[in-house]
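Two complexes are shown next, each including chain A; its partner changes from chain B in the first to chain C in the second.
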Partner chain A sequence: MNARALAVVLLLGSTVAGAAGRPRYGGTLRIALASPAAQAELLNVDRPETAALAALVAPPLCRLDPQRGVIPTTAELTHPQPNRVQLLVRAGGPRRAADLAARWNSLSQPGAFSPYRALLAPLRGVTATATTIDAALAFPWPDLDRSLCHPALGLADGGPYTGPTSRVPFSANPTFPEGRPFPDRLQLTTGDERRVARSFATRQVDLLFGAAPDDAQPSPAPQTPALFATYLVYRSAHAGAELRTVLEQSVDAQDLVQRFVTAPAVPMTQLLPPALMGAAAATPAAFSGPAPRAPGRELTLVYDAALDEHRAVAERIQVRLHDRGYRVALKPVPRAELASRWASGDFDLLLQSLLLPPAPAAALAVAIELAGRHDLLAVELTALGAVADAAARDARARERAAALRASLPLLPLYARAPQVSASSNIQGLRTDAFGLPMLDQLFLTQD
Partner chain B sequence: MSRSRAGAFAAAALLGALLLGAAPAPGVQGGAVEKLALQLAGEIAGRTAEGPLAVHVSSPSPVLSRALATLIAAELSRRGLGGMVVDAPDAVLAEARARDQGARALARVNAGLERGALAARGDLLGTWVNFWSGRSPTRPPQPAAVLEASAEADAHALALLAAPVTAPIATAVTSSGGTTPAPPAKVQIASAVLAKLPSAIMALAAGDLDRDGVDEVVAVTEDEVVVMGADGRVLARRDTRALPAASAPVRDPIAAAAVVQGQVAYFDARKAKGELLAYGGGALRVVRELEDVPLAKGMISGRWVPGENLVGVEARQWNAPGPFHSLALFQGARTDAVAVFPGGTGLWVHGFPGTGGGEGLSGIGAGTALFDVDGDGTPELATTSAAYAPEVEELRVYVDGPWGAPPKWQLAVTRGRVMAAAAAHLDRERAQQLLLGTWLPDGTSELLVIRRVAP
Partner chain C sequence: MRLKTRLLLSFVLLALVPIAIVVPTARAQLRSTLERELEQRMQAAETATNADIVQRRRDVRETMDRLSDSEAMERFVKEFHANLTPSRLSATAQQLIRIRLLSVLSVLDEKGVTVLSGHLPARRGDPDPDLFAVTKLQDPEPQVVLVEVRGDAGLQKMPALVTARPVEYGALKLWVVGGVLLDKSVADHLADLTGTRVDIASAGASYATGGKALPPLIERAVPLAPSSEVTITLALSRATVAEAERVVLKAVLVFAALGVFLALVLALWQSLVITRPVEALTEGARRVAAGDLGAKVEANAQGEVGALVETFNRMTSDLRRTTDNLVAAERVAAWQEVARRLAHEIKNPLTPIRMSLETLQAASAENNPRFPSLFKESAAVVLEEVDRLKRIVDEFTRFARLPKPQLQDLDLEDLVKQVLTLYAAPPPGITLEPALEPGLKAQGDRDQLTQVLVNLVKNAQEAMPGGGRIWVRARSRDGQAVIEVEDTGPGVKPEDRARIFEPYFTTKGAGTGLGLAIAARVCQEHGGMLEVDGEPGKGAIFRVTIPRQAAAATAA
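Showing the complex of A and B:
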């Protein structure tokens, strides 16, 4: 711990609720982010470093509190009939409800570029009327409430902060339905890890994302649910039937976590992260049998060019597969192209990170979608949705995740949680059930 | 009626109320004293098969001792074990008296408050006189057991514990000097849960709404206004969810509430307007809407700062240093007020509103109020932690004096964070009680009552 900087690395426990002193309004909250400066990257909900920031301008529809469950924020879901749902959008006007319905409809199309479309899979005929969105349920899906709190399904704007522009930092939005955030402004700086860590140590920033403070030891294990899951997706038709065995035998998730992945992270031995699998997260039986070799076989591994971590992981996989006779070409591509290639199946190997919802059934749906098994999705979700009891449904989803692990064309690699440090003049830092720090709840104890 | 007689009457009424409900069927939930009695009777009955069984209870309060002993004996009789109460100044003498009364066994327990729970510990011993032992007071081998039980303290339990100090603890000083003021009795404070509410308590107030001489409690939560009796029973509710929202939503749940001339005035910062409510016939009726925030029992009023948890007051009403979170009033021989400002600072004003300033305070929390805990006519300042989320929430009570002296009383709040406070007269005593509204992590809240108890 860096006592020199008077900083506190917060264990983002989610048990503290409420307050004994009242939050203070005013001031500028200064955040440093270890990230490329590209503006589009700052709203990437697939990365632990940026997902919480994205929620500041593009808010989720609800907040999923670890203890209180679903708390409506910008919208409220009701079930007027057993097979219909209605969403009242509180933020903005009719345009925003219409925009949201259009986004959802676009996301629900078979060719949509996002695995998060699985979260909307039960919905049919999404329409908007004034501030209300109506949809039919193709089958019972009790986890819809929790699923709709996912940051990827939220509004495009109208969050607790507006901006930023080239001249003005993020500004508190006085009309946000939950109330304006406590600081007047939020100033965001980006840079490499060393630079932002130094800014934090010298108290030039109040909050540090994606880097450890100087002298601090990275936490070996996540203190919050690690739900940012990274998978290696492959196309058997391109890569050969024996590839699964090769990947299972050569790619070491523990090795990746220890050497190439930003802490805090955990290896994934099951289809879903340990935070979702619970006691069912036993390591599956190792792949046995002779190690196949494919002398001279050529494959291309595509990954997000903006993510250094994915580059490091891709290079490691390249080395390990080379030992087994594969010649793997690495192809960094822009994020949009990565999504397009995934949607069209234009890849041999593909690295993809996702924020899984903290509900095993919904997370399983996203993993199945990522694997491209649309045929399986309806079957599994219909069966899971029929289990009314939440605990029994979660248990059933874990069983199905364990059963499907080896049959889906993807290899679970690791799961990460956000790395956040806050200075001692920051109060109110809590995490939601996604493990994301709720930045709009923060306030400064002094200017 | 003299205050001591009134106190005895109140204790007797409480005891009567307990006895009326004293023979619940197994599994029926009662108050803390009843729960404790049921637990102890169950333990005793499980360890001995033959009556009659004598019960001796000691505690800081004779009234509580008698109530608990009565309930245990009644439950033992209900189980066919012939319960009897042994009245003795201590547990040693109780054994001899139990023998004299022909009891086969004696349960001796000591009860008291421990960390917010009403706890009892003791033993069970055989008192059957062995003819062959002659005059030697030998004990039979059975029964012999350790007894232990506890139940979360409630307002009834606290009232019973407080009963011994219903006598005057300070006498008025006459200007002629003919009467020497009696030294104040030792006073301790304790807390108990008065009520649990389904959403966060934003403001508290107390006042005599039904003119019976005892205050009713008013809690303004995120969803409703609740009026409760001194025992925590809900008397009336008003659902406030349908009221129009304020033009600028407020993130921090906060409200102001006061009882003004027997009516409830409140203003939730998240709503466009406040309301003045009349209580009667078990219901709350809207008298009129309020444009201003009622403060200091209606002495002054203010306006919410749009979108924030602060209320501002015009200088012609009170020359406050700036907008504040809350303002608590004490009306006695002198009118005092304490305001809570951002950053854990405050101002204690003697002779409110006055023209001068007041004494600056620091390190005070959202749960701040003035109340007369010892009934001496001058207010004590009660406050909670100024930290946003302290490891352990703590109530501190300061006597009137230069700020910076250590608190006279400290009390840990076992769960939740205190976010509202108000003084109340929940009985006809001169001393006041303190109400605290705590927020729990699950979004619900508890209403605690703090009162003096016997040392």
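Showing the complex of A and C:
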């Protein structure tokens, strides 16, 4: 197996495609996704397996390179005035700019169903004129450039590939601003972990997402930034004051990562993943005091029904809370209902995964939004935005994340990174600052 | 109680008594039969349940034997030894469970920590003392253990038949503990198999229920193992028994009601057949008693009742004939008595006449100088006696030829007052005290009724030569007008009361004996009557009663 497949776990970003030969156009890129769903939700950016695919049909506005920083792709951000921003949309013309402005305005509404709303929190009065989107800044926000590269804020279509479903191969888009991708088509298949791993082992697919090859050893930790953070959100009004202590004492993130989460993942001891906390990611002091018990207390934990990983984590939390006297009913719900319940606060416990931006301040904003503390959001972002130096701002954001950890009604659990394996005929695989593989730059070689 | 009512009640009783006897007996017999059948069903259900549990134990034992020796288990241990990802291990466990038809499967390490769990994957990494205890028993037979499983509202304990097998791979030693849950699917299966409601429970906790059974219930607990508190309780509904009883009872009651109804109809018909001639006989007897001595009973009757009707009719015919003969004889006797009394009355004046005439003859023959004076005296006597004879004849004529009353509307108060004016100056010592109801009306002959009242008042006066009180009352009573004349004289002796209204019966020295007879006849002609009352020695009461309406008088 080792002779036929090359496991590239998002570490090949620095290798130059040209090292394996000259890129050539043509061919079909076959991708296997470890997901029970027959149809991948391409616009779901909360999971590594689908976030990279989403970028194929719904491209982000810019690319965030680990070394070079923000690289404009489908749009370019400018600051004509200190308190105003303009975004020039390169792909799709005025209609796409208008659609994007409408999406942003919708996402900025107080009742929006996505915590990614926090990424647009500084913007006021988003309007579209021709291919330009104009907005005012409520307060200085230097991290807006990095925030806008988040896949959730990208265009709805116009990516390097086109195609609505997994059943029809995606076709290369010749009008993509960065140039037509090398493979002509992109074939997507889904299945459980063992099945897609077998497909990869038998060379039926070129790229394996979300599963380790059969011959691979489990990685002790992800080797790319793990920014797909999973939180357990609770409603303190529903759950009671002692629940925080119970959760802190009974839910062991390390236990989840080791036994219940598909590797690679890292436990989150802080509000933000270790990739963002850096040296500040020290383990907080353990909750002390007697272990509270609440015999017969009934709670409901809602989670995304499409995610086996969330089911396993939810069941583990159920077991741990059961040992503390809680009766926890599990309620798997569709993704849309999960978002609706989160927005309306209709839950006791809720599992939510998010792709955090690689900027600590922006990531903190998303976490605060997820916790439902809108009152805190403007205060924290205004203070952070006032720090002009990027490194100082990141450090300040890490301090605030550490300080806010215990006060927000959510429990950070773990952070995942994409798990990608490529066969030997795949070249040009690189990752961006989100840790996502840039699939549009792949090309096929002959073995 | 009337004969018809007695007949109806008798028939209804005849219909109800057998029902009252038969229904409880039949009901008890039916209940006994159904209870016996229920008991047989329960026995069969218990047998089937025990057989099913035995089969499950055998299946678990054989499955675990095969699983512990299988390649799949060997591969799993290898994967575990190779430290494969948790999701892969979990998938393997799920496959093992699915393929082996187990619902409980855990792999424990030597310390009892859950390495993998197919039925509760989230227990991975936690000790499971309940299942680990099974590994200590060293018994290949499945044991009843309460296993933690996931339910709709959280984790819950569920009984299961589990057994443990050791699995070794090099130095690695694991325990695989597996079996089947005794959950709702088992309860449903047993319920279908036995036709009972199945409740898998232990003291104070119910784990699974299958099937339905409406109360009231008959229950039987089937222990899963001698040392286990978990039992399978089979419940059969007695509702079918109660329903059967109810249906039978309802049918019986319907038939009973129908029987009672038919009995009532029959009783009514028979009572009509029987009582109609009897009622006709009763009516005939009543008519005979009312004076219709020739009353005939027209009734279609057979047998004894028919003979009775015929005998009654024959009896009334004989009675009528005999009565006619008797009346004729009495009439002859009455006229003989009248003739005798009339002859006696006429004979009395003839003696003085004869003596006066013989005296005159003797005086004339002797040329008695007193002849003229004797003639004068004798002629006076003869004339007086002739007048007496004439008066007797006139009275008798009046009695015999009493005219029909000329009825007219009369004001009796006015009539009585008019009569009393004739006695405005009564003899010394006599007091008249009228008591008249104002406006008392009746229909009658004014002259005849005046004659009756005058006669009665005059008799009262003559009965009290030494003086006394006379009350004259007039009032209405029961649609009739009543006039009473009461005095304080000697009254009427009881032995005279029967004859006092007969012609020529008198207790007075100078009476003709026709006054009260005429008065009584006048009253009869008016449709009424004249009665005598009072106590001897204290006074007499003569009471005239006449109808107030002419129709009544005419009919009478």
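To be clear about the criterion, the second predicted complex is superposed on the first by the 415 of 447 C-alpha atoms of A that agree within 3 Å, B and C clash if a C-alpha of one lies under 4 Å from a C-alpha of the other, contacts with A are read in each partner's own complex, and residues count from 1 in each chain.
One rule holds in what follows: contacts are C-beta pairs under 8 Å (C-beta built on N, C-alpha and C of every residue); 3 or more make two chains touch, one makes a residue touch a chain.
No experiment lies behind these values; they were computed from the predicted model shown.
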Which superposed partner A:Arg68 touches (first chain B, second chain C, both, neither): first
Contacts of A:Phe176 with chain B and chain C, given as first, second, both or neither: first
Partner chain(s) touched by A:Leu330 [first = chain B, second = chain C, both, neither]: second
Partner chain(s) touched by A:Asp255 [first = chain B, second = chain C, both, neither]: second
Common ground on chain A, meaning residues reached by chain C in one complex and by chain B in the other: none
Chain C residues within the chain A interface of the complex: 83-88, 90-91, 120-126, 150, 152-155
In the complex with chain A, residue positions of chain B that touch it: 200, 248-252, 254, 270, 306-310, 325, 340, 342-344, 365-367, 384-390, 393, 416-419, 438-443
Touching residues (chain side chain A, partner chain C) in the complex: 192-194, 212, 217-218, 255, 258-263, 298, 308-309, 312, 315-316, 318-319, 322, 326-330
Sites on chain A touched by chain B in the complex: 15-25, 65, 67-68, 174-182, 427-428, 441, 443, 445-446
